[in-house]
C-alpha cells in the first residue's frame, strides 16, 4: 500500500544565493492509498515542488517523506525504487516522447525497471487501454500524432510502470474542452479499476470540484486548505481571498446569497446548484 | 461599420494532408469589433488565423484584408503591418534578450527612424501594462507577462487588427485574465479590431460576435448570448456553454421560463432570485 | 542544476566599462589579446595583469563571479601547467629532479596567460549585453557586406542563439526530470551506457528545437522580418569621447607591451 506521509517538509531553491526562495514551508500531510486528490494553488504556490518530493526528484531541505512507510530519502536505492511506486506525469508530457514507435515509448518505463519482455508487453497494452491509446497506433511514430494523442501516450508511459500513486501536473493544459473531459474520464476509470491513488495538480477548480474526493490548496509555499470538496467549498470566500477562482456554479451561488437567497449548503457542481435551487423552489411552493 | 476582413469561399489544404482544413469558408469581420473564433482542435481555427495575415494564402477563393487581396505578393508587408499576430507559445515568438529590444523588432524591420521606434516601444509596453519590465530578460517573466510582451511586440507595428491564436492556452488563470483584459481594452478603448481564437468559453463572453468552426467551415455565428444558448450545438461541437446558460436551461426544464441570453453571473443570479421570490 | 552554468553571462550595471560602445570593447579585447600574446618577460605580464585588474575594478565585477567562470577551465589550466613543469629542459630545482626552474617559470606564465585571456573575454561578456555585442559585431563587420558576406544574417543567428540558451537549458532540465521519473538513470554505468542514456533527453530536445525554430520563423515573418535590408535600429550606437580615449589607451597599451618585448622585459 503506497500511503504517502509528509512530515514537516520544507524546500528552498538556490540556497546561499541572493535568489534563495522558499518553495515549501513546513508542510505535513497524509494521503492514504486510493484517494483521488486535487492539488490546487497559484503558479509558484509550491504545487509542483510538492509533488516532485513524492517521488524523490527533489529532496527536502528539511522534513521527511514516507511512501508505504519507508523514508524515501534514506538511501540511493529507496530514491530509485520510489520512482516505480510513484509515477509522475509532468506538464506537457508530450514533449518527452522520443522513441520511434508509440509502443516502444510506452515500454520505456517498464524496461528501466528490468522486467521481462512478456511482462512489458502486458503492461504496455494495459496502460494503453487505461490512457485511451488505441493499439492501432502502436507501430506509428509518436511525432505524427495529434497533441491530444501524444498526451495520452505520455500518460500511458507512466501508467505502464504500474505505480501505486499516479501524479499528473496539469494533465489537461492546452487541450480543448472535449479532450480535457476525455482525459479526466480516463483517469477516473483508471483509478476505479486499479484502486491506485491519483493526485492531479490543476488550476481548474470546476474540474477538480467535480472529480476529486479531497482538495488540497497551497498558497505561498504553505498548506492553507485541506478537506473534501464539501468542506473546502463551505468557505468559498476564503478561496476567493486567496485569489483563486471558485467553480462557476459556486460563483452563481455566492451571487444568489448576496441577493438574499441562501442555498445553505456548499455548492460546487452544476448538479448541486440545480438541486439546491429546486429545493428552495419546492419549499416556497409548500 | 464596414467589413475589414473578408473570406470568400476559401479552400485550403496543407501540403501533404489528405483532408482540406478549410472547405469553402466565408466570413466577414467588422472593423473595430471583438470577434471570438471557437471550435475543437482540428476545426480549422489556426488556418483561418494564418490566412488573415497572408502566412497562408487560399488554394481557391479569396481573402481580403483592409481591401487588399492577400494572394497579391506586393501587398504582403502592408497586410502584415496591419494585422498583428500573437501565437500560443510566448517563448517561441520573443526574439530578443531584453523586453524593449524585442518590442522594437517589428518597427526595426519596417525601417522606422530610431526616435520613433523608442516612442512606439514605450507606448506599446504602456498599453499592455509592462512598461516597468522593459529592461527585464523575457525568460524570467511569467507566462502571462511574456504573452503581454508578445502583444506589445505586434502593437509596435501600429496595426489596425490584432489576431490572437489561442494566446491563453498555456497560461494560468491569472495570466489568462491579464491577457484577456488587455485585449478587451485594446478593442474598446483603442478601437482595434480583435480576433481571438480560443476554446475557453468564458473568454468570449464580452465578444461582439462568436464564430464556431467545424471541419473547416462555419457551424454557427452571432452574438455570444445567441450562440451559447444553443446548448445542443455547443455539445455537438465539443464545446461547453457557460454554467450561467446551462443552469438556466436546466431550470427551464423544471418549469421555469428564463431567457437564455444571460452570460453574466450577477445577471443570472438576479433572474433566479427574482423568479424564486415572486413565488 | 544546469541553470547554474554561466555561459558568457551579462551582469547589468552602469559603470564606465558598461557604458562604452560595444564596438570599442570588441576592439579593445582584440588589442588586449594581441598584447597578451606579445608579452614575454615578467614585466610585460605584470603590466597586462595590472591592466586587467584595473578594468575589473572599474566594471565592479566581483572576483567571485570571475572565479566561477574559470572553474570549468581548471582541468585545462592544470594540465598545461603540469606539461610545462615536466617537459621543459633547464636547471633542475633539486639536482637529479625532472622539475626545472625554467619549467616552473613557464608553467606560471602559461597559467597567467590562460587566466588573463579568459578574464579579458569574460569582462567583455559580463559588461556587454548579448544584443549590444552582436550589434557591435554587425557594425564592425559591415564593410564585409561589400564582398557579399551575410553579416546581418550571421549576427542575427548569433543573437537568436543567445536568446534561446536559457530556454533550452530550462527545457533540458524539464525533460531530464520527466525521464528520471520514468526510471531513466543518467548518473551510473559506463561511459557508453551514460551516453546512450542521454538519447531520451536529446531526441525530445531536438524535436522541440525544430518546432520552436519553425514557430519562431513564422512569428518573425508576422512581424515583417525580411532580412537586413532597410532595417533600422532603436538603439543607435554612438561613439562618445570616452570611447575615443579608451581606444587611444588601448593602442598605447599594445604599443607599450611591444616596446617591453623589444627591450626583452
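To keep things simple, chains are lettered A, B and C as they appear, and every chain counts its residues starting from 1.
Note that a contact is a pair of C-beta atoms (placed from the backbone, for glycine too) under 8 Å apart; a residue touches a chain by one contact, two chains touch by 3 or more.
These numbers come from a predicted model, not from an experiment.
When chain centres are set by their Cα atoms, the one at the greatest distance from chain B is C.
Of the two chain pairs shown, A-C and A-B, the one joined by more C-beta contacts is A-B. Chain A and chain C, compared by their mean Cα positions, are separated by 44 Å. As a whole-number value, the distance joining the C-alpha centres of chain A and chain B reads 30 Å.
Against chain C, the residues of chain A that register as touching in their complex are 52, 55, 57, 80, 83-84, 87-90, 93, 95-98, 108-109, 112-113, 143, 157-158, 161. On the side of chain A, the complex with chain B involves touching residues 42-43, 146-148, 173-179, 203, 206, 243-245, 247-249, 251-252, 255-256, 258-261, 270, 273-274, 277-278, 280-281, 284-285. For chain B in complex with chain C, the residues that touch the partner chain are 53, 55, 77, 80-81, 84-85, 87, 89, 91-98, 100-101, 104-114, 117-118, 121, 135, 137, 139, 153-154, 157.
Those residues of chain C lying in contact with chain A across their complex are 171, 174-175, 177-185, 199-201, 203-204, 207-208. Here chain B touches chain A in the complex through residues 40-42, 88, 142-143, 166, 169-170, 172-175, 199, 201-202, 238-240, 242-244, 246-247, 250-251, 254, 265-266, 268-270, 272-273, 276-277, 279, going by the rule given at the top.
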